[in-house]
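Paired with subunit B in one complex and with subunit C in the other, subunit A is shared by the two complexes that follow.
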Partner chain A sequence: MLAPRAAIGLGVVLAWEVAARAGDPLLYVPPSRVLPALARLLALRSFPSLPEHLGLTLREILVAYVLAVGVGLAVGFVLGLWPELGRIYAPLLGALYAVPSVVWYPSLMLLFGLDAASKIAFGFLLGVYPIVVAVLAGVRQVSRELVTMARAFGAGRARVFTKVVLPSMLATLTGGLRAGLALTVVGVIVGEVLGSKAGLGYLINYAYGLLRTADYVALVLLTLGIVLAIDGAAVLAERRARRWT
Partner chain B sequence: MKPRALQAVSVGVALLVWEGAARAGLVDPLFVPAPTAVAIALRRVLGEALPALGRTLLTALVAYALAVCLGVGLGLIIGARRYLGEVLSPFLIAAYGVPKILVLPWIILILGTGAAPAVLYGTLHGFFPVLLLVIGGVRDVDRSWLTVARAFGARPWQLYSRVILPAIVPAVLAGMRLGIVFALLGVLVVEMFAGVRGMGAELAARANAFQAPELFAATLLVSTVSIAIVLALDALGDRLSRWR
Partner chain C sequence: MPPGARTGADVAEAHIVVEGVTKRFETSSGPVLAVKDVSLAVARREFCTIIGPSGCGKSTLLAMIGGLVPPDAGTILIDGRPQPGPDPRRVALVFQDPGLLPWRTALDNIAFGLELRGVPRPDRRRIAGDLLGPLGLREFAERYPRELSGGMRQRVAIGRALALDSEIVLMDEPFGALDEQTRLLMGEWLLSVWTRARKTVVFVTHSLQEALFLSTRVVALTARPGRVKSVLDLPLPYPRDLESAELASFRAKLWGEIREESLKAMEP
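What follows is the complex of A and B.
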């Protein structure tokens, strides 16, 4: 599998090089110019303040994700363990999911301003939904018989939860937590690009606005690398959590 | 009480609490206007918002049609070749998951700020969910059905029209349901980012002008229309699966 994938990757890079060389150098940046730009970016020569911007973006992602996990788990378990509530409110949440999320962003900007708070709010909003859905789906997977059995053998509510409910829904739950993280990252970055005063998205906009196309592409590659690294870490964490059961 | 009634009651109570909080001055009406103020603003913004919404929906429809055609077509091709699907899958999943807004500035740079970048970006958003669901649908078609059909002398196009296509209807429908929301999202993002005329630019302009009642009214309008479209697709899906 690795050889054909590497070949595809190489082919894309080559095609990009050839196509970009034929085009306007202001608009099309071939990889041979991106690499030096990336080196300049990482050596902090293009944007000396890169670490601060990067740090801000990562902090926004972290805060948004912590909020999304906390609220997502709480809402999910409340709606999942009390089915009467779930029947009423889960469909309402589902209806909200049929709305393109970016519709809410202008309101969040108005409410929270151009600073970090509106990006955290948007990242939270995107990330919380898959977590709620995963908890709801996971709770439904728990077998009634196992719960009854555990209770019959004298397990209390807390023990039933940690020994029966949690292990049998773990795969679904970790999948939701991972999807929530990916969407939180997307939300924060989209928020930054659409309007901000600092962060990676701001830098991308800034480079693009000045037509520093090579620096823009380098920033995009850096951001993509961070996004993929975060998801890679989430995959590893998910595998570990699954082995634990 | 039925869930429907309880839902209506809950929404009603929430609106009443919100109205009360706004009237009592617990929230700043400059940022969180009362529901009644939003309702009044809705009548005011309708004249500007409806044409903008029409443009956005039209652009999204073009993007959606492209995304579904490309997604189903390529999905059938890639899904039928197990090896190809396996080689491509990490690329496709990564392309689906990464924030596509990173390439938006470049798209605007190349295509300018007309309808073209909005269509392209909307297609880009709608395409991947359709593609991934169709690939999965084709891959999971029961092999024994294909063997049986071949044994009875079915030709390749008959395999597609009689076995594979009916079998992947649920996957296509699921993709279409996700695709419309994503295509609309893509168009709205371009309008917000580049000021392309449409509902996204309308929302951004209201936010920048601190016109909270108008902004909330316009947001309400887009979200209602979007929910209605998805519900209509769901109803269509129910009919199609009965036909199957």
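What follows is the complex of A and C.
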């Protein structure tokens, strides 16, 4: 499985190298120039304040995700476990989600300013929806027979929830939490690219604006690495959660 | 029989008393009267079967005895006391759908009720483990429900009810989803368990065969709304021979009661 993946990666890099060498060196950066740029980046010679920017972005992601999980679970369970409410309000969520989320961003900047708050708000906005949807779908999966059975064997509301509802929906729920995390990361970084004074997205925009193309591509690769690391952690957490049942 | 009249065992010594119980359900096409003015009494250690055509409210009646559904009118007494909700210390339930938790092994499913009761893990695993032998599941303790046959799953569900060690076990068509052969074998097995443990059993079925083979008494319900049509005592020893002349005459009698109701149930 690794060999064909490595092969396609190598193929892309080679094609990139060949194609980029043919173009304008200011706009097209071959991998042979990106790697030194990445090394300079990581050695903190291109952007000496990189750890600060990175730390800010990670903090924004963390805060946005914690909010998305908290609000997503709360809204999802309220709408899922009280079907009367769900029938009224769940369609509204679907309608809101159909709007391309990036149109909200300017209003978020007006509301929350150019600093971290607007990025957190945008990351939250993107991350919360898949979590709500996963909870709603998960609650629907729970078998009524199992709930009745648990009641007959003496479970009250709380233990019906912990012993039947939660384990029944675990796979769907962890899937939604993972998708929410990925979208939170997207929201925060896109928010930084669109308008900010600090953070990874700001650096990307900055390097791009100054036509420091090699640095720009190196930053994109760094972002890719961070996203992969975060998703890897999420996969591990998901596996642990599966074992818990 | 006048409506509301008590049927079956003498109420003074009855373990379960159902008196004048009525239940209606709201459906999209208006209210449906599922059970109408049902009264019956079940004696201690009796194997009482409730039989009737599909949709006659027998499962509803059982759910009301189990405290899962409140009656709209009438009272249900267990040991002379009303039961406002499920009480697994006194009443255990077995459903048609085994209702096993798919993420738990057979052993942990059997121990589920004990876990809810707060029995410590080693104790509940020991109690559940002791049941595996009589359940015929000794080799299957650590299997998950999806790895078990339909009959085995239903035995796990019965084991989960027996683990509670309640005096009453309510069974709602527990073998309804099984094939004919497994069904007969499970009936024999259930009898062997019941003759040893001697619990009060209320058993819902729509199978004449099962009713005659298992019960000390059969209560036949009418088509919807379910009312008590007749009560038939079966003072016969176990194991029973379904081919015997005695059982054949009971069978004819019971079929006579049920046939008409089943026909009514088939009408649109």
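We take it that the second predicted complex is superposed on the first by the 245 of 245 C-alpha atoms of A that agree within 3 Å, B and C clash if a C-alpha of one lies under 4 Å from a C-alpha of the other, contacts with A are read in each partner's own complex, and residues count from 1 in each chain.
We adopt the following convention: a residue touches a chain if its C-beta (ideal position, glycine included) is under 8 Å from a C-beta of that chain, and two chains touch if they have at least 3 such contacts.
In this text the structure is predicted, and so the values were computed from the model without any measurement.
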Requested in this report: Report clash or fit for the pair subunit B and subunit C bound to subunit A in the combined superposed model.
Outcome: fit
Query - Winner by number of subunit A residues touched, once subunit B and subunit C are compared - result: B
**Report entry** Contacts of A:146 with subunit B and subunit C, given as first, second, both or neither
**Finding:** second
Report task. Scan A:159 for contacts with subunit B and subunit C and give back first, second, both or neither. Result -> second
Report task. Rounded to a multiple of 10, tell me what angle the C-alpha centres of subunit B and subunit C make at the one for subunit A, in degrees. Result -> 90
Query raised in the report: A:167 contacts which: subunit B (first), subunit C (second), both, neither?
Result: second
Query raised in the report: Which value, in Å, gives the least CA distance between subunit B and subunit C in the superposed three-chain arrangement?
Result: 14
Report summary line: Overlap of the subunit B and subunit C interfaces on subunit A comprises residues none
**Report entry** Interfacial residue positions of subunit C with respect to subunit A in the complex
**Finding:** 66, 68, 86-88, 92-93, 95, 97, 99, 101, 103, 112-113, 116-117, 160, 164
Requested in this report: Spell out the residues on subunit A that touch subunit C in their complex, using ranges where they run on.
Outcome: 143, 145-146, 148-155, 159, 163-164, 167, 245
Query - subunit B to subunit A touching residues, read off their complex - result: 3, 6-7, 10-11, 31-32, 86-88, 90-91, 94, 97-99, 101-106, 109-110, 181-182, 184-185, 188-189, 192-193, 200, 203-204, 206-207, 210, 212, 215-216, 219, 222-223, 226-227, 229-231
Report summary line: In their shared complex, subunit B is touched by residues of subunit A numbered 1, 4-5, 8, 27, 87-89, 91-92, 95-107, 109-111, 182, 185-186, 189-190, 193-194, 201, 204-205, 208, 211, 213, 216-217, 220, 223-224, 227-228, 231
